[in-house]
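Shared chain: subunit A. Partners: subunit B in the first complex, subunit C in the second.
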Partner chain A sequence: MSGRGATFRRGGTHPPEHKELCDPSTYSVLPNPEQLVIALSQHLGAPAKAVVKNRDEVKAGQLIAEAGGFVSANIHTPLKGVVRSQDKVHIGPVNSPSVVIKPADDAEPVVGYEHNPPPLDLAGLEAKQIIDKIKDAGLVGMGGAAFPTHVKLSPPPGVTLDVLIINGAECEPYLTADDCLMRNHPVQVLEGTRALMKSAGIERAYIGIEDNKPQSFAVMSAAAEGLPGIEILRCRTRYPQGSEKQLIEAAVGRRVPPGKLPFSVGVVVQNVATAAAVYEALQYDRPLMRRLVTVSGHAVARPQNVLVPMGTSVKTLLDFCGGLKGDVAEVVMGGPMMGRATSDITEPTTKATSGILFLAPDEVRLPEEDPCIRCGRCVAGCPMGLVPTELMGLAMRGRFEEATDALDCIECGTCAYICPSNRRLVHWIRLAKWELNRMRRRAQAKQKQQEAEAAKS
Partner chain B sequence: MIEVLIPAGVMGGLGLLLSLALLLAAKKFYVYEDPRIGQVEELLPGANCGGCGKAGCKAFAEALVAGEDGTCPVCSQDAMAEIARLLGKQLADAEPVVAHVMCEGLQSSASFNGLYQGINDCRAAHLVGQVDRVCSYGCIGMGTCVEACAFDAIEIYNHVARIIPENCVACGKCVEACPRELIVMIPKGRQVFIPCKSLDSGKVVSKVCEIGCIGCQKCVKVCPSDAIWFNDNLAEINYEKCTQCYECVVACPRHLIKVRDLAEFMVTEEDLKQGFDTIAEALWTERAREKAEAEKQRQAELAAGGEDPETAAKRAKFQQGLDDARAKAAADPEYAKKLPKIEAGFLKKLEELGPPPGAAPAVDPELEAKRQKIQQALDDARAKAENDPEYAKRLPKIEAGFKAKLAALDPASKAAEHDPAEIAGSQTGEEAQ
Partner chain C sequence: MADVKVESAVLRSSPHALGSEQVPHVMWTVVLSLAPAMLAACWFFGLRALLVIVGATIGCVVFEYVLLRLRIDARKAMSMSLDGSAVVTGVLLALNLPATSPWWLVLIGALVAMLLGKHLFGGLGQNIFNPALVARVFLLLAFPAEMTTWLYPRSGAQFMDLPSLAADNLDAVTGATPLGMIKSDGLQAFLDWMAQSGTSLWSMLIGNTGGSLGETSALLLLIGAGLLFWRGYISWHVPVTYVVTVFVLTGIMWLVNPNYYANPILHVLSAGLILGAFFMATDMVTSPVSAKGMIIFGIGCGLITALIRLFGSFPEGVSFAILIMNGLTPLIDRYTKPRKFGAETVLRGEASA
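Coming up: the complex of A and B.
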């Protein structure tokens, strides 16, 4: 690895970080909100099935919905209270069933992360037991995609895993929640890493931290001393370092083939917050029900990291952070590069909400779109080696069958960010991706129908 | 001369030789194509829309001639019949359909917030989730379906896509294009439809849209042919059962269920000013008139001394219940213990219905006591006047005073003035039974 820190080879960019807005050295615990709207489809895969009824009293940490399939996750209530209703909630394009909980007046606020927690005793635990506990606790990837963790730890037969990478890159501008977690609670992250290593039978783990977080790097390095097989890896600050495939390349130099999962190169990647949640699930039997969320942007009065029970509305968080201090042009769920703008501030947070940004008008750049000047910057910038301008052209003309490369796009947004003509490149590619997936689903449905008819006749 | 003949002969010979070669090649490599393919293709519209599921009209013609089944959604019935005749087949009896957009949350009736700034395509907007329209199920209105339509049969009107049925050939391209699956095919002759796809609860829907389905299920209850089914907060019509009686159209409290007539199908500016759907409007007016007439008739019957049949039926039912209970109590001593409570219940219900017409009006016991007291005083005064001539002189004035008081107590009841004791007696007697 070079002296400038490990990184991926192809493409990438370095947008202004704005991480100074939200201080990662400390965080606050959110007082109980008035109500929690807990979406049952907040992970990838099948929605969870509610196991509580209206007017049921629930305890903090109680299971309220169980996984609706193998690729699904359990959901627990973060606070003691009463189930008020079970309506639908709209999180982006997902119309999810939900459980609405009114916290009791005497409900304790969500438990914070312990300081100086004991190390895990892994001697008596088998890999299977660890995975079962992770599954019961409803753990999902907390980096943003919310992929159920137990699925990631159960490789298909014939695959041997040899490297675990814990993702502390946090390459998205503004966000400091992972930084905050590593600085304040390194033991949870490291012990969780050990448990993950054991569960997948892996001997070698890297914790990738970008070099714009020197304190985190120092704290984690100090805490990791004496832990065999765990290396804290300094990465060069470069977007999209926190993307699974890019981080694998940075850490071990392997490239995941197009259309394949990290399994294919023997690697598992987990977020630092997920590792900490693994520790809590094993040490305290505590399910995943709250997380650190960065509330930032120039339009919010007191940007800060907040420990938030899932299901809290954006509005509650905004009020807790002192409300708006000026005009807000856009509210973004997640980071500014890959996050999704929302027009509904009653939208609840989920297990995957890493940040909520209230961007002032001067932070939101939306210039006119100019014609492509064929400069090729998007091609050079694409970390996946795609040709964004061509994919965009095909998508605009509805020639999706020819744009199958789009399926490899990780939607990092580098192309649209660096385009001198402000072309909406990633937007069209994302559309093409969606359309291709829809076409595939339709073809499958049609085939099924034909098979059913053939079986009948 | 020879200089001319030689080239002419060479050229002519070459020409003959080559034409012979062409002739032989044509014979040798002749491929037989069924002439019917060309004939069928002639009859097809030639729009290559792909509505039949084939790559184009030529491919469809080949498939038809090869013996496959299929219909061209664009063709007229006549053309299809002609093709069937040509191929010696029976025409499949399919009801023609027309596309319909299942959202009518126009700008005037639905809530909008936010400012979408992404690319102008419904699919991209759908990926963001809630765009400017608050409802997550409604029409995004950026016209991806309009672009998909090769027949100019869709337009965006007031933020909502709508089909121009005259142009629609039911090729199904728009159905495929819509990311929210709002466009469906409805049999052409059908007039009633529920243009909403929201699966939200009524509470949420009523916040974001003035006409969206709130899941009250009134339509399900009034439908005489069980043609409306209800699932996940949304009512849907089963067109195989619908008899187009319009009961649901009248019953829908949101005025969501619409009637369309192909000519009058679209909501226009003028309609917006007047109300919503002209046909539905006419139906409501008609129903309102019928209702008013029924009410008038009822009032007239009441005035004529007859009783509202509904109340009468109720009274008869309660009286029957009361009599039954008494009969049962006479036979069953155990039941007799509970009788007073049951009797009280029935009597209370009867009392709530009011007095039966023709019977003496009910009398307030307090008023009655007062009346008796005044009557008593009046009688006393009359008796005294008989004995005391001095008093007799003042009697008319005193009598007038008492009578005025009586009249003040009950100006409506003349009967009570004449013989209050009898009425009071009958009243108490009835209660004692």
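Coming up: the complex of A and C.
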């Protein structure tokens, strides 16, 4: 392995890290909020279906909505309380059903991560049992995409998996929640890794950590000693190192083909927080209902990592962190490269909320777009080998059929970040993706209809 | 705690972090990289060179502003005409003109560059052809006499000394470029002249030969280009393939008949090849965006340049070569897309499916 750490070959950039703002050595536990708004469509796939009624009393960890299909996930309440209503809630562009819970006055605060927890006893468990537990506990990818974990562990027939990668790269600027988890609770991550290996019949696992997190690397390396098949992999600090396909290339040199899943090269990738959740599901039968969230940015008074029950509003978290200390220019759910801007302080956190950033005017640029000078930086910078400026041009002219390469865009934002003309490249490429997917759905619907008519006649 | 004013926060799609490098940084760095060549021009050609550079630059900026004002408001037009791109065009145009250029030639050049070269296509980033080269070729075809009256280089000590360009004095202060001499009088006449006047390849490298302002010192041009390499504004692909192609092709002909064809080193060092390869063919707007495309572009430029120089009726082919390849750039871009991530991967277990 090179002295500079493993990395991907093509493109990428290195934005200022700003990780010093939010200390990853420790975290706070949020006191119970006044209410939780738990979105039922907070993962990829079908929304979960509520199994509680208004005025039902619920215990902490109780199932409140069950998976609405194979690609879906169970949802549990983090706190004891009463179901107050089931109004719709906006999670960004998604208008999701929700369960609103009023925590009881005597409700315990959200359960914390144990210190020095015991190792898992996997001897008696079969792969299927582990996957079932993961499914029951409502686990989803906690790195941002919220893909249901059990689906990732169920490869299509004929595909054999031989490598598990646990993603601790945390390449987004500002975010330190994964760093915080690895430093404070390495056992949960490692034991969860072991369970994931067993669940997919994999004997080789890498835990990828960027070299801007030396403490995490040291703590995890020490804790991994004596665990067969697990290597803590030092990755170069380079964006988007934590992107699934890029991390796979860095770890094992395999490149997932366009339009394919990591399955196709025999790899499964899970986030470190997801691995820790796997441990808790197996060891304590504890569902996924809270997570570490980085609250950071120059506009918030006390940036810190907080253990947050899902469904907590932005405002509650902001108040806990001392409120705003000045003007806020932009509020971002997630990291600054791939996160989503919001102006809704009632928006609740979900299983995938890795951070909330309150960015002050001096750390946000809102420039006018200049004409593209065809400098080609976006082309050289695109880790997926696309031509972002061309895709943007096609999208702006409505020529979506010609922009099918947009479907391979991972929306990492490298192109727009390095563009000297401040072009909103990802914005337009995202539009092209959206239009292409819509066209595809329409074509499928039309075909189905024609087949149905043909069957009738 | 202050009232939470989150509702006024900006909503935009990701990324929310943007790099700090802007178009003006790029353009003004290019201007800076041309400074050594501009200084050399002033050293060798005196005050006339400075006047040409200043005139072309001011001309381009003023025409840029006027043409921008036809479609956008004054504030934006002002900021765009000072973003450095018009200055780059002006300086490059000046470096493509002889020091003897009359003032009207310079201004016509600036107008042609900005109007025909840039704004008829829609302004910055939209033009297909390098504006400075459009102007140069226009002037070369429209005013061939004025465009090929080359002042003999002198030294900086005579900076303020403006030689008279009156007809009776013209032959004393002007002469042909090396390639022009070879084309019109043959290689032997040129070699005789070199021996007679004490001109060596070394003097061509440092710039002590006749030519346009920017055709003199290959060395100082390369020093400036070094800045662009270091800043990552140009990559090796275009200039290296361009120069190597010219060197190889002219070298082959030289090996075939060294009595008729000039030494390839002379070809590389003479006339606008270095200026063209490092500063004009690398123009971002008019060259391909992918590495593969840039290599094809560079080889094409080299091929056409060598063909014109060796077999054409013009002594020099850099401008034509680059313009022709500019025209091919959209096509090159279309067929040289980078390979998508993972496109080469052989899938496992799907052979049967």
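Definition applied: the second predicted complex is superposed on the first by the 457 of 457 C-alpha atoms of A that agree within 3 Å, B and C clash if a C-alpha of one lies under 4 Å from a C-alpha of the other, contacts with A are read in each partner's own complex, and residues count from 1 in each chain.
One rule holds for everything that comes next: contacts are C-beta pairs under 8 Å (C-beta built on N, C-alpha and C of every residue); 3 or more make two chains touch, one makes a residue touch a chain.
Quantities reported herein were computed from a predicted structural model and do not represent experimental measurements.
**Student:** Could you tell me if A:Trp434 is touching subunit B, subunit C, both of them or neither one (first, second, both, neither)?
**Tutor:** After superposing on A, A:Trp434 lies in contact with subunit B but is clear of subunit C.
**Student:** A:Val265 in the overlay: touching subunit B, subunit C, both, or neither? Say first, second, both or neither.
**Tutor:** second
**Student:** Quick check for you: in the superposed arrangement, does A:Asp87 touch first (subunit B), second (subunit C), both or neither?
**Tutor:** In the superposed model, A:Asp87 contacts subunit B only, not subunit C.
**Student:** May I ask you to decide whether A:Ser343 touches subunit B, subunit C, both, or neither, giving the answer as first, second, both or neither?
**Tutor:** both
**Student:** For A:Ser221, is the partner it touches subunit B (first), subunit C (second), both, or none of the two (neither)?
**Tutor:** neither
**Student:** More residues of subunit A are touched by which partner: subunit B or subunit C?
**Tutor:** C
**Student:** Please indicate which partner A:Ser28 is in contact with in the superposed arrangement: first for subunit B, second for subunit C, both, or neither.
**Tutor:** Neither partner.
**Student:** Of the partners subunit B and subunit C, which touch A:Asn95 in the superposed model: first, second, both, neither?
**Tutor:** It touches subunit B, and subunit C stays clear.
**Student:** Would you sort A:Ser154 into first (subunit B), second (subunit C), both or neither based on which partner it touches?
**Tutor:** After superposing on A, A:Ser154 lies clear of both subunit B and subunit C.
**Student:** Just to be sure I read the superposition right, which of the two partners does A:Arg424 touch: subunit B = first, subunit C = second, or both, or neither?
**Tutor:** Both subunit B and subunit C are touched by A:Arg424.
**Student:** For subunit A, which residues lie in the overlap of the subunit B contacts and the subunit C contacts?
**Tutor:** Touching subunit B and subunit C on subunit A: residues 340-344, 366, 424, 427, 430.
**Student:** In the complex, go through subunit C and note every residue touching subunit A.
**Tutor:** 1-2, 4-23, 25-26, 80, 83, 85, 123-126, 233, 284-291, 333, 337-345, 347-350, 352-353
**Student:** For the complex, which residues does subunit A have touching subunit C?
**Tutor:** These residues of subunit A touch subunit C: 10, 13, 15-16, 158-160, 173, 245, 254-258, 260, 264-266, 314-315, 318-319, 322-324, 327-332, 336-345, 357-359, 364-367, 370-376, 379-380, 382-387, 389-390, 405, 408, 411, 413, 416-422, 424, 426-427, 430.
**Student:** Which subunit A residues qualify as touching subunit B in the complex?
**Tutor:** 87-88, 90-95, 340-344, 366, 424, 427-428, 430-431, 434-435, 442
**Student:** In the complex formed with subunit A, which residues of subunit B make contact?
**Tutor:** So the residues of subunit B in touch with subunit A come to 113-115, 117-119, 121, 123-124, 126-132, 134, 136-137, 176, 179, 199-201, 203-204.
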